[in-house]
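Every chain is named by a letter (A, B and C) in the order it is written, and numbering of its residues begins at 1.
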């Protein structure tokens, strides 16, 4: 199983995660993510570049999974910095057009790609650092939450959070589990029910991001954090990471197909479709 | 199942809770709780009015469940403010006279009413805000903990906490689970073992209450909090709430009868009966 | 089952832990731990006295378990203060010589003693207070984490933490569970992956220790904390403690032999043996 292939040494008390097969290979545009690997440091940078707002479309997610797997299997790469090439936005979250007026098969394919993205990023053997250089609602926030460490630009104009409830939809249980493990149960409970978006300083206060840094220092800080995490022996760090993430990942792996079916039946409801159409109309008028 | 009837839309990954049937209808004095529903705002106020200290007797709990169910089934009602009509006390907790020198059948009936109260309040589809306008030990604290949000009067004379251990008794596991989800494991561990009661400012510091407000501003603040929570679409908020509360509720639902039997065998011990009699004597002398 | 024998009264919702049998009696040097019991207060002091650094050898752990069991069964004893008789060090953790170049049988015996120590200390019916009067890495930190309360000397020269990852090894899941219950999931996640050691003031900030006290006040403070915890009725405090610790203990009890086998296969790897030998060489040169 490639994603966990490097953790050759079994830790006491740990089970190996089952392989996480990619969805069957499909055609995709290979231009929504810029990947650069610095072989001397072993650090890759993945930049989301899908203007205007880095929506997480099926194409982008597929490209994300394939890019991440390539890095995972490249022995020259030990860490990944995830950031945005689009000014003012990290990612606006799941692409609503993928959830609106499409076939059941399309919903299923899209949701499997969302699951796959999270399983691969959250469970990556590499050190993953999110450099949140703009706003990051909903699915964009999940991407950041799935990294080992979060650095955000120190600017209250940008906000981050799982605001699904504001749109009339519900964050799935594994978004919630990921969130609870970072901010604790009580903050997550209020935040998810209110669909709260936190300006950077407040996000830092509740631990949703680990550090705030002026925009011009983001790269330098990311490199420093990476150096600190890469100073540890890979195998011990990887086994420890796996021990910390395992329970939450196992829960989705055990209920993966059920979660797809739940998504389909929820998103197919006429009331939900109507909400999403209204939301998209609103976004269009905003422009 | 009435309590969950409004959550008609199934969320991804959520199971519907089984119906929580009321204990068979019994005669009860309908005057321990004042219920007022403001139809224009959709907000009801439930005021505990059982002087001198709002003890949670079987009568009060039965009335509580029935009142709450009526509101739950009333489409005009979307939120409930829970507070006290008795000065200086929110609720002194479970009525010790119900646990002292009574029959096994009585203990069982009483404990089922305690369980039912928690299941209905904690699992309510409505937004629930506790306005803790006086002291709130033990079962009184549990009532507050079971709401979505807690506002307490900013006065160090009033305290709140799960102080059961001080009385020689043990908070049941679902009191503990509710508490841990709010203050975290470490604070709960110390607090439950020491039977700590926290003056309002300290309760706020550990997150046991969410806000402190001067007495004359309690109503205004409760209305503001309610407005914030009711601004969300009901169905998304309800499904999210259910996702957050589900694990803890399921645990009691799965062990409900066992929990009743444990309560009976614990409370029937002569040593425990003796402690409770001594405690009641002490309370009488205090007056 | 001796360790839990005093909790004669079953709490609501609690199961009795299975007896935790000592490993078959073996010869051991009875001089690595000083035990003094003050019968008037009911408080015993256990001082680790195994210079130069209180390494947790098989002999020390065996003596620890036997000493603790004696106190557990002594009705005159209600609380234990755990501290060090060696200046500047609480305990340096598991003795690496026990894990290096030994037989499979030896590794198994050693690991069972480590498990036994944790199960007995974490699950003790007595009030346990760690007085961390020096540095306390890895297994030394676990000893402190397994007590009800931690007081540390207020000196940034001394540090504490689960730094296993720095040595290329992995803290077992029950070290992790114990840690998470004290500092929360997010802090534990970073801390274990980075193998962080916290100077006393930082350890206090993240809740890893409960109080910082100048060296000359350690005893006085320990007595005060003990008095506060012993003021509660034993049976209620014990049942509450058991309720809080149970889930984590049950997990090891259910997987105990598997955990031994995992330890053996991990520690027997040539790569791990090599790391440990290099680490020991480095320690020797340091002297």
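The rule we apply is simple: contacts are C-beta pairs under 8 Å (C-beta built on N, C-alpha and C of every residue); 3 or more make two chains touch, one makes a residue touch a chain.
Labels paired with UniProt names: A, B, C = Enoyl-CoA delta isomerase 1, mitochondrial.
Here the structure is a predicted model, which means the values were calculated and not measured.
Chemist: What chains touch chain A and also chain B?
Modeler: Of all the chains present, those in contact with both chain A and chain B are C.
Chemist: Note the rotational component of the Cα superposition from chain A to chain C, reported as an angle of 0 to 180 degrees in steps of 5.
Modeler: 120
Chemist: At the place where copies chain B and chain C touch, is the share of residue numbers found on both sides over half (same) or under half (different)?
Modeler: different
Chemist: Centroid of chain B to centroid of chain C, CA atoms only: how many Å?
Modeler: Roughly 37 Å separates the two chain centres.
Chemist: Which residue numbers or ranges of chain C touch two or more of the other chains?
Modeler: Touching at least two other chains: 184.
Chemist: In the complex formed with chain A, which residues of chain B make contact?
Modeler: Listed in rising order, the residues of chain B that touch chain A are 9-14, 148-149, 180-184, 207, 228-229, 232-233, 235-237, 239-241, 243-244.
Chemist: Would you tell me which residues of chain C are touching chain A in their complex?
Modeler: Those in contact with chain A are residues 164-174, 176, 184-186, 188-190, 192-195, 255, 258-259, 262-263, 265-266, 269, 271-272, 275.
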